[in-house]
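I've put the structures underneath this note.
In the two assemblies presented below, chain A is common to both, partnered first by chain B and then by chain C.
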Partner chain A sequence: MRSRSRIWLAVLGLLGLAAGSALAEDTQKLTWSGVDYTKFLWSTARDSGGLYSFTTIPSEAYGNNGQGTELELLLSAKPSKHVEVSGRIQSRFNQNFWTNFGGFGGRSNFIDPNNPCVSGDCGEFDSRSAQYVKFRGLTVTLRPGYSWVDQVTVGSSDWGMFDPFTIGKIRYIDRDNGSGLLFQGSAAGRKFTYDFARISLPRLWAGPNFQTGTYHAQDAAYGLQLGFTPSSTFDITGVVQYVNDIEVDNFDRNRDDGRDIRTRFRNTVVGARLGVHPSSTFDIRAMYYKSSADSIPELGAPANFFGLSGFSPVPAGELSDDAIKLNVDINDPFDNGLSFSIEAFDIGAEYVSMMAARREADVLLTEGHDAAWAFPGPSNAAFGVFGGNPTRIGYGGWQGSAQQVATINVDNEFTDFEEPMAETVIGWKGFTIVPSWTIGDLELKAEYSWIDYNTNWQAFDDPSRSVTSSVFPVHELDTGVGHNFRSAYAPFQDKETKIAVLSGRYLIDVGRGVDLFGKIKFVDETDKRLNEARFLPYQAGDCPGGGGACAGNRNFYSTGNTTADIYGNPPVITVNGVTGYQWKPFDSLSDDDRDLSYMMLQLGAGYQLSNRLYGSLTYEYYDAELEDGNTAFQAYQLHELASGDHQKNKVMLYAHYDLGGAEFGANYEYNFGDFDPDFGSGFVVQFADEATSASNNVPVGSPGFRGRFGGWNSLETRDFEQQRLKVFMKVRF
Partner chain B sequence: MKNLRIWMVVGPLVAMLIGTASPVGAGAKLWELADPRGDDHGDGGLLYPTVGDFAKGELDVLSVVAEREGDGTEFAVTFARPVRTPSRGAFDALGTPMDQVFRFGFYTFNIDLYVDRDRQPGSGGVSTLPGRKAQIAPEFAWDRAICLTPRPNEARELLSKIVLGAMTEVQKAEGSGGTPEQDAAVAELKKSVPADLETRVYFPNRVRVRGNTVSFFVPDSFLGAPASPDWGYLLVVTAADIHQETGIGSVLGLREQQEARLMNLPISPGSWRERLGGGRENGALQPPVVDLLVPPGESQERLLRGWDAQDERPVVLPGVVPAEIKP
Partner chain C sequence: MKKLFRTLPLLVCALLFGALPAWAQAVSFSDPTGDDNGPGGYTYPTDAVYKAGSFDLTKFEVNAKGDKVEFEVTVNSNLDDPWRMGVGFSVQMIFVFIDTDGKEGSGFTDSPPGVNVAFAPASAWDKCVILSPQAFARVHQEIEAKGGAMQASLLAPNRVRGSGRTISGSVSLSDLGGGDPATWGYQVVMQSNEGFPADNDLLTRKVNEFEGQHRFGGGTDGDCDPHVMDVLGEGQAAMLAYECNADGSSKKKATLTMVRKG
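On to the complex of A and B.
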């Protein structure tokens, strides 16, 4: 045995010594490597539009069933010691199902905006189902050896060298979708560093209305970051981001001297990050950012957002605000395993950084909201009161708690249910304290967060305007158990959130060690929304009750402006001999009040079954008692009312198998629960007819009420039961 | 009622605060070693990768403490900056969350601890794990190695594969085998490698990350006894390479044979996004070591510069004997 050990130890020695000769050369020929990603989706929700669980993008598909493969080929070369090239081509899951049988055929009327390609039905006529392999990114890195620059990068990057408040690490679909120029240098042994970038502005999302106008080819974001690290105990970094979205000036009719340009949208962020690390016990970090932004409507940027359904990655008009954060970590100060992380934060309502991280960053210490409750409706549907808007991510939502990003330009597109969900923290201010304690094999961690909002205001903080022409895009608004991941603004808000979490992890020393984990989380959230009588839509006593029609005497909070524009009076209806209002008249400040009492309990265990196989089983129970306005409020008549009691259960099984270069993973979820609606009183219950049954998936004759825009809210208790599975294989070669 | 629920969580927090009065769970300290702050630069010129997952000080070891813990030893390594914990960001194109892949709460470094229990010069191994490009001074030849790495199970498999692959290469080079008896002997030898490896190299999977400190447990069944202050120790910190590849590309001739690396990033001249920078030209034998514990009077920088590519001479690193260090 000993001699065998000596042999392989000798082999190890050979490895150590012989290694590196392959990389000793100043040049390297073209090399290829690749990755095979294959995934299998299955769900009882039976959606099969695409091979991703979620998207909100019009004409894009989503689904939770099917099998597909992505091929990624990576190439690299080093023509000289000064130059390195790396590139990537890849196919896409999208609608490339194995059942497409290679992506041939397809319907002929594939260019039809009213009939978008889904589920691979356009076959080879649509790139998303033709198994096309696309050039994804190419990066040339130059190291010229000059004193003033360490390296120059030309081409693709994820731009992760900046920070999530200014220019965040990008993953739109890939990490190399963005291209530009990057200069990086240093001096005095890297005590001084700089990064300067010009990034070609992504036309798909980096401007008002998720576009950068007609003339996009010269649009750019610029970033400059200067770092000073005199010692390991202190560092300071200054950062500037500037976005310039320009258009050709159509009023310049003299083309003989070229054409003038004008700015459609500009955005500047100036910030500083300071780090003090005096000892291994204390770590202090402070950040300050000042942003300004300006959109020019005459060049195509929106001047306001009509009604209550505006979508844009940035509010309209001139904006200016700050984002401030202070973190203090105190590591085991009493030498007994107890540590603390403390964070204070204040993110302005009008803080805008167009290039801020949209996902996969976590700018705050708090857990935030749970991703199981992603969208307004009880099943995570948006606009679910209207037919054809079922849940996309499913009743189970995403797994885990949300990550926080400092933008309303949140991107959760093309994700599956086990991936992290991001939520906006625009407008959040407060503090978080996280103590953690280790006692032997038991690790305890807790959180208490108190969150107030810079977006607490009445009539979008500008009573001189109509609430239907705000400069703030509201996205999916702020109703439902969660706060909807990209909704920062509401017309009326007076909100406060408290989050308390206690989590634990314990290793049972049996076999390879059983990892037990659990968590209990409470969220208490109140929002009085409209809380001044002058904003009530109609004059007192406008609706007399007793079957009498409302008079319609509007209440104006400023000249010509009234909330009756969004909270119109109900008609009088008679159903089964009962006469009354179709919905409760909005005549009380409490009609839209929100009060959430939320509890989540998690228990789980993980075990390394063999060197190659790990498995875990997790159970989560959610109990949400929610008062979220009544039929007068109607979730802004756009979404399903979620007032009532919610109970959700998630059983999750996870397995990961590694076969030395080939990885396999499986995520199974069994989600079940119920929603018992409580929409208050003061309205006449209606009953679903055949058409309502067909469009809203409710039984004929089931009770409900119909809202201002004709949407249907069911009064029946809803029972949910959905299963889903994602299995993947990843082979790197 | 709501306040009651909040206090159900806040209450234990208060209890934690009250609990600060007395240390709990701390085992008997076996030994402690200190390392200077600010020397996370290898031979003096090493640069962290520029990808945003690394920051100066995060791989800078300040101290190593060994404590008796149950039927083993718990090693606690404290860095100058808080340990970077995996986020929930996607690890790959499948969207696999990082915290699902790196379950042990860290992902940016490897810590190798080579243990010389018998203190007999020349007794044991003098090579470090693949990719470290260093040798150990014969007087500290190791008989047990501990490798704390973000993906210990994958690392164990990979090491086994690397060793078996190297054995095959050696067999080919020496022209051994050929007869059925020789082939059977080689097959038997290869079969024994994984089990033998388990007795020699340990990949901790009881790991805790708390602030600046990562702690890992090593059972007596591996070390043979609690970590003694009279043993020799060499601690090496490298930057973790979190991806793992098969060698199919090189087998097909599409790429050059890759150097064997056990989960560590290589070093190259200049500044690099996903490699250590600051390497020397023609630095094939330059160790990609970020930080290192050295005995009093020695210089980490000098030791890590002690390689010679022309003579194919790697650096030779001495260990440290805690009991021999004067307070």
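On to the complex of A and C.
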């Protein structure tokens, strides 16, 4: 017995030694690094809900004042040559203000849906203000050395190996929010490559109604990408994306054999990308994607949306459509620095890819709309006719022009004003021509884009249905100066957009070189919206005028369906002895017409002031003459009417200082301008009472009109003046 | 007033056109296509931003005018700016090594940190111009922090830009030590812009044994392999040939030679 024990001890000892030496051989150092990202926000808008400029998410906070710090810790290790690990933990700005004094205390009734936690007032009771540090992502990369697979990734990824039309690079708060499995392989010297992924479906937004149902744990998106690059002059890639949002079948009463499942939402995209690169002069790329999607209402997916206020990342029901793009680049054909880029595109109205890029991608060549006009109201407010809906991103909007993404699931959440804004291009079709000319220190670039819309239709393209029961979510609807970033659908649309841009950049050879830049941009946009008389809400002559009440004889465009459901007749009112309609009756096809004449001018200069400090000063002037419907249309009753003349000025001062390991940036904006409303005639002007003044922030006694839903549209000329500043420090250690 | 706003930019452009410079001296080199694989087996990272041909050097041109020398590097793919660097390109970074004196043993035979190549004594370099999409201050700070003895010889143009397929930047002739650029020797090293470089890398992207989403593959996990995707001239495979010791240290470094006109 004793000898047996000794043998076992010897064996264990040997095993221990072997293990010890193996550990000594394979143990790699764990590398930690970190980032301190400290942000200072200041604005005369005085919002202090959170340390981000923008969110649309209910119960989330936004703001433009305050100081806060994010701590990010990154770790990496290589246990063996076959295995690599990287991970990240990080705190979050959100409501973690320095003024929280470490995030202690706070409101005790912190779980109150009617009183959400904002501005850090829930202190340590809400993780968004308790300075918590959160596990963000962990990635294990395995390289087993088999011929059929180069590497397997388990865990977090931004999935940037696919493309923005199918599975786009994902960033919600972080670039590693998404997790899954990824297999990548190649053959014939990487002439053939494949990527296969199973991504756990983000329950936060990747399904109808921004959710994936009750049973989310096995929901997934699958991606397969096969690439063939036989030479540097030709490549072709096939890609498939499949999203499967499943639910437990509640009709399956027999649980003894497990439980059946049913699909709540499925989405398939099949596509191909072709590249022909015959010479350094010509480059041709073509892309084609075919999508289909299906939502099942009995499993909780919406069957339709209330016509004027639907929100969802995908239309309801069965959908099928294409997205096509062709790019031709002609590089310096005359050997004089003049090049051309040409793009033709056609993105279907019902094109759906649930995992398409939501931001930080730019699928079209055009620079699109300017981010200074991101939301419907003159101040970038949405639903601003109702009290309590002030602008979030501010009068200045975001900086620059919008990036284009092929989804209505656009995500600009938790961004600051100097970050890029994304806009949807669902339904866009047309072409863009961009000549560019580089001669010495001068760069000139122009653009002409013509955009038509696959979403040009009447009654959501289905006159058999009520306009208040559409399968298309309209989000913030398409009113105002700019293109509301996630609005692709409107009940009635007959729209056309032309964009012309000329930009230049020149380096003046003085000192370290003065960088001069400028741009002039024109947008001409028309939208006839409701353009057939059969869709007018009431029969001709229904409202006689002269103080006479409207008869209320509805006009039905199909059995039981009438636009009177949204464009109801006005009551007769008397104000200061004037009797007439509260708003103009919708009795003309021109009542909702849109005609935008838009000009933007930018001039700026930048200079490297020292080896460490760069500064630039930019001035932008915007002039928009907009007819966007009259008081009959009322911007769909939900938003501020923006018809009239808009002038906006942005003075931007930018500075960047690099101290080697510590980086500082400052972005200051002085935004000022005015809006001179012109809402047409045919209504009796009302004057704001004390309650209206308090809820809509207009002077008592100021003129305006009250719409169908009780919203207030001011007729006062509005003068805007806002300053804002973002300063950041990033220290890498 | 609106008319003024609409015509002002046109006037500015017209003035700028009137100020177009005329280039004087030019030296041009071409490089074979399809050799963006380092010593022969290097592979691109797997992220979609690294388009085929992005690191395939096809042409190098030096233009001199007055006190300015402009360097133009052309690659085999249209430039994109997916990371919004603001200069027309994102993923590339280029080292232009210059032998201004042509004297054997005069200059550096080592490379800036992160490149992992040597230069033959007859091709020792005197100046190196870095064409990076990073802001000047960032490049300058990296040079200051990691340049060591080479610091004064590493130059960053105040402004670098990408247009079409060409990346360019200029420095003053005096910073290059004066002379005639047409008589100098050149070597161009194609690397990738890494915003989060390792401690000892000068904004360079690593080459590992296996490619990753943002790492080149086909080399080794140590630093005995050249972290270079393409260089100027014929005989690239021979120049970039390397050997490693068992512990990952360098046994024989990849050794580059200069290319000269005429």
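Convention: the second predicted complex is superposed on the first by the 705 of 733 C-alpha atoms of A that agree within 3 Å, B and C clash if a C-alpha of one lies under 4 Å from a C-alpha of the other, contacts with A are read in each partner's own complex, and residues count from 1 in each chain.
Following the convention adopted for this analysis, a residue touches a chain if its C-beta (ideal position, glycine included) is under 8 Å from a C-beta of that chain, and two chains touch if they have at least 3 such contacts.
The model shown is predicted, which means the values in this text are computed figures rather than measured ones.
Taken together in the superposed arrangement on chain A, chain B and chain C clash.
Of the two partner chains placed around the shared chain by superposition, chain B is the only one that A:Val731 touches, whereas chain C remains out of contact. Applying the stated contact rule after C-alpha superposition, one finds that A:Gln90 touches chain B and leaves chain C untouched.
When both complexes are overlaid on chain A, the residue A:Gly518 reaches chain C alone and has no touch with chain B. When the two complexes are overlaid on their common chain A, residue A:Tyr621 makes contact with chain C while staying clear of chain B. By the document's definition of touching, of the two partners only chain B reaches A:Lys39; chain C does not. Look at A:Phe104: by the touch rule set out above, it reaches neither chain B nor chain C. In the superposition on chain A, contact of A:Phe709 is made with neither chain B nor chain C. More residues of chain A are touched by B (comparison of chain B with chain C). In the superposition on chain A, contact is made by A:Met161 with both chain B and chain C. Within the superposed three-chain model, A:Ser280 lies in touch with chain B and with chain C [touch as defined at top]. On chain A, the surface patch touched by chain B in one complex and by chain C in the other comprises residues 81, 141, 143, 150-151, 160-161, 169, 184, 186, 190, 229, 231-232, 235, 277, 280, 283, 329, 331-332, 339, 420, 436, 438-444, 502, 507, 509, 512-513, 515, 520, 599, 608, 611-612, 614, 656, 658, 660-661, 732. Contacts from chain C toward chain A in the complex involve residues 2, 5-6, 8-10, 12-13, 16-17, 19-21, 23, 33-34, 43, 46-49, 52-53, 56, 58-59, 68, 74, 76-78, 84, 135-138, 140-142, 144-145, 158-159, 161, 163-165, 196, 209-213, 221. Across the complex, chain A is touched by residues 1-2, 5-6, 8-10, 12-13, 16-17, 19-20, 22-26, 37-38, 40, 47, 50-52, 56-57, 60, 62-63, 69-70, 78-82, 87-90, 92-97, 100, 103, 124-135, 153-154, 156-158, 161-163, 166-167, 170, 189, 192-193, 196-197, 199-200, 205-206, 208, 210-213, 215, 243-249, 254-261, 266, 268-271, 273, 277, 281-286, 309, 312, 314 of chain B. The part of chain A that touches chain B in the complex is made up of residues 1, 4-5, 7-9, 11-17, 19-24, 26, 28-29, 31-35, 37, 39, 70, 72, 81, 90, 141, 143, 150-151, 160-161, 169, 171, 174, 184, 186, 190, 229, 231-233, 235, 277, 280, 283, 329-332, 334-339, 359-362, 400, 403, 415-416, 418-420, 433, 435-444, 446, 448, 498, 500-502, 507, 509, 512-513, 515, 520, 522, 524, 597, 599, 606, 608, 611-612, 614, 654, 656, 658, 660-662, 665, 728, 730-733. Those residues of chain A lying in contact with chain C across their complex are 78, 81, 84, 141, 143, 150-151, 157, 160-163, 169, 184, 186, 190, 195, 229, 231-232, 235, 275, 277, 280, 283, 329, 331-332, 339, 420, 436, 438-444, 502, 504-507, 509, 512-513, 515, 518-520, 599, 601, 603, 608, 611-614, 621, 623, 656-661, 663, 732.
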